[in-house]
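I've put the structures underneath this note.
Below, chain A partners chain B and then partners chain C, in two separate complexes.
Showing the complex of A and B:
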């Protein structure tokens, strides 16, 4: 695949042209309102975009919205008419996706296409070109290295931008990305000198790889053997069960289906984000709850990511973005707990020493 | 710090409590700490980053803490107002809990903050601090502290809200609520949200739509605000927990001002003062009843 470059001015012009052609542009930008946090949102041009800041919200809401109408109904006397919701998606481009967020799309593809092909998800995936931006190495909550990714990982991205003076070096990573670039080639230049881009990536890799790297395979084995363990209740003591971690997680994808009447004559079936951290997630109609406490609920989140999903789809349900740790108002920390499980696993697995998790 | 650690150790050694809930350094700033063994007491700290309201861990809704029925909790003066509500509403018994009060000169709005408190960094809840020295406690620790710096942002935002017309205010809150994703983190962290079955979780009938559309979001946020009117202690934990940054503290603060104006009630650390919803007064102005 080729490497090209683009100047900021050209990128701005390209976005204007895309918008004029009816392409929706999703990029990191400040959210409206009081908080003004950076989120992935629809933008009107380059000046809105804040490149290189990991957004607080995830990209997933543009593929799996927090709430979405998937079916409607209308009643006429004894007749009930079902109204299909459109699964069409207009052409879009995501510009400035973080590598951990781009990779998450591919991770979640597995479950979305598993026993049923989710049209809403895949039509959006197919309509969207994902352009990621190389990460500068993240902060102390990041652990992409531990889950097989890196600040320069191109997984899930069609193209990746690496910041250089006055613009970006562009790495093409998929055939779709190649075709898209060729379609807009007048905005791109030859790659030129790659020194700056290489230096950026090296700095990022150094920063990222210095962080602890718990051994995910031995953690997976420990999880399999320690469903019943005092650790879970101890761990969950400070957890409020608020589920904010699951909401900002790029790979958490569980949802609830609800039917909402909208007046006497009709209504909508909607798909809404749900969270395993809520007691109602598993509450039975009988009143029984198989996950009665926060320990059991927190265990579920960890098991799903590092044991259940890998068993079924052969990969981790985590891209190490660290948002769960950053968002938690009570200071739960994913990298810390993975380290603790690593250490417990090392007692039964001599090959996994406690020191090993700190080795780059 | 040492007197706090010593006290926690003593309470556990003497078997007075099963657990001491305080603060410790975490990977990202300060976080709640759960000390069940005397030797863990050295982890306890208290400083300007201790923004969390730990009284929420006394709520009977927390089934996973039931294994430690006798709890000691580290509280700031403002936190004791939450204890007062739980006592007033008969949700905890005073003799079941040990309150370790810390003299406080204000906290940052973020547990990850560093440096001295400033008008910009100080938490909303410190804006009109009246209890720097908690009274409703069993132990009072720490040196007297100066008053926290005034919070310029809160006054400014309340002023902005009040200068708006009803339509502008609706538009302002619609804009904020439209970002709500209905995770209910605000409820989960709230020391006053102790209902075992929240109205938002009831499905027969479904009082509040669970969907994150403006209809459901407005219903949820307004009903929660109304359930907190005259009960909210203004700790701001809801706003701190909100993953999409809705200024819930601002909503509750404004509501507290309305309650004060109409019912002459302000959040207090005195559990004997009746709440506005739990008392009847023949001289209530009732001007909102048409």
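Showing the complex of A and C:
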């Protein structure tokens, strides 16, 4: 695939042109209101975009909204009519996806397309060009390198921008990305000297790879064999089950379906994000709960990511973005927990040394 | 049409099985949908009362009886309470059929033992009628059905029909204390009664459904009677929302009850982690 470059001024002009053509632009930008946190949101132009700060919310909410209408109904006397919800999506571009967030989209594709195709998800996927910007290596909570990704990973992105002086080096990673670039080629220049881009990527990789690297295969095996283990009870003493980790996770996709009456004549069925950390998640109407305690519920989160999803879809349900660790009010750090599991696995698997996880 | 879109079904008739358990006979409002629809014994659906939500229930009628489906439910939660308010000609939403089914092809020529407790007879009844409607394809049929009390027995009319059928053995039992003065059936818990009547396991498949505690104590009895785990089938329930393998709540380990199940044999159950 091609390598090109784009100057900041040209990128700004390109975004203006896209917006004029009716393309929705989603990018990291400050949210309005209290806190003004950086989130992925619809922006009006280049000047809104904040680069180099990992957004607090993930990109998933633009593909699987926190709450969306999936059905409507209208009633009148004995008459009842179901109103189909539209799954259409207008053309969009994400500019400045973090590589961990772009990769998450492709990871979640697997379950959304499993036998029954979720058109809400895939119509948004198809309508959206994803441009990621290479990450500078992240912070102490990041662990993309441990789950098979890197600050420069292009997974899930149609194009990858690498910051250089005055603009970006552009790597095209998909056929769709190539077609899009050709459509707008007047804004792009020849790739030129790649020294700066290479140096940026090397710096990022060095920073990220200095952090521990637990061995995911042996963790997977340990999880398979230790469904019942004191470790889960210990975690339950720390986790208070708020579920914030699942809300900020780019790969958590569990949802609830809820009817919301809107007056006596009609209403909407909505799909809302849900969390496996809530007791009601699995509670039967009879009162029986297969996961009655927090230990069982935290175990489910770890298992879903590092055992169940790999067993069913051959990949980890985690891109190492580190948001779960940053947001946890009781300081549970995913990289630390994976390290603990790695260490327990190393007792049963002597080939996995406890030291190995700290070797870059 | 997106995968979460239900279709409308009209309640054709209502049958009160017990004071809190009811069977609805449902027909598709759209004749084209009625024409197109088919299912296999053991599959389930998502039934909705618009404004109250959706719930997962098995299809309790047999696929050999076409033109309608039936669901049997106990009034316990939000959706079933709303469903219980409805009557003939009311409309509900339906999605399905979902999940796998009982392997009736594999059971051809063999004897069948059905064991059910309480409302657990609903999915078993679907298989029983399927088998009775294709009677010559199967060997001997035995049914052991238990409920907490006489008034908790569901499908009473059908139990009477089965009791009168040739080449069909039916044992009915109620828990100790649940019998009435005129009760002519057995008294005792299902696992105990199973041990007493000790049906033969020769060339026999067992199909079992009931409360978790009944299943837990019945499986060892079946094994002591010589049923290999591969010949004991049951249907699991777990809380579900989508029924399509997306919403992520029915997992037992890496098994999705909605897609890998709801029908499992006892050998498969043994391999599941204790997350039930």
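As a convention for this text, the second predicted complex is superposed on the first by the 360 of 360 C-alpha atoms of A that agree within 3 Å, B and C clash if a C-alpha of one lies under 4 Å from a C-alpha of the other, contacts with A are read in each partner's own complex, and residues count from 1 in each chain.
Everything below uses one rule, namely that a residue touches a chain if its C-beta (ideal position, glycine included) is under 8 Å from a C-beta of that chain, and two chains touch if they have at least 3 such contacts.
This one's a predicted model, so the numbers in the text were calculated from it and none came from an experiment.
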{"item": "Superposition on chain A - do chain B and chain C clash or fit", "value": "fit"}
{"item": "Which superposed partner A:258 touches (first chain B, second chain C, both, neither)", "value": "both"}
{"item": "First, second, both or neither for A:273, with chain B first and chain C second", "value": "first"}
{"item": "Chain B, chain C and vertex chain A (Cα centres) - angle in steps of 10°", "value": "90"}
{"item": "Contacts of A:293 with chain B and chain C, given as first, second, both or neither", "value": "first"}
{"item": "Which superposed partner A:201 touches (first chain B, second chain C, both, neither)", "value": "neither"}
{"item": "Touching partner for A:5 - first (chain B), second (chain C), both, neither", "value": "neither"}
{"item": "Chain B versus chain C as contact partner of A:85, first or second or both or neither", "value": "second"}
{"item": "A:58 touches, of chain B and chain C: first, second, both or neither?", "value": "neither"}
{"item": "Shortest CA-CA distance between chain B and chain C [superposed frame, angstrom]", "value": "5"}
{"item": "Shared contact residues on chain A - chain B and chain C", "value": "256, 258"}
{"item": "For the chain B and chain A complex, residues of the former touching the latter", "value": "26-34, 52, 56, 62-65, 67, 111, 157, 175-176, 179, 181-185, 188-189, 201, 206, 209-213, 216, 237, 240-247, 250"}
{"item": "Sites on chain C touched by chain A in the complex", "value": "1-8, 48, 50-55, 76-80, 89, 91, 93, 212, 237-239, 241-242, 244-249, 251-254, 256, 259, 273-276"}
{"item": "List of chain A residues in touch with chain C within their complex", "value": "70-71, 73, 75, 78, 80, 82, 84-85, 87, 111-112, 114-120, 227-228, 253-259, 261, 267, 269, 271, 274, 276, 281-286, 288, 290-291, 296, 300, 303-304, 307-308, 311-312"}
{"item": "Contacting residues of chain A [partner chain B, same complex]", "value": "31-37, 56-57, 66-67, 140-141, 233-234, 236-238, 240-244, 246-248, 256, 258, 260, 270, 272-273, 275, 278, 280, 292-295, 325-327, 329-331, 333, 335-336"}
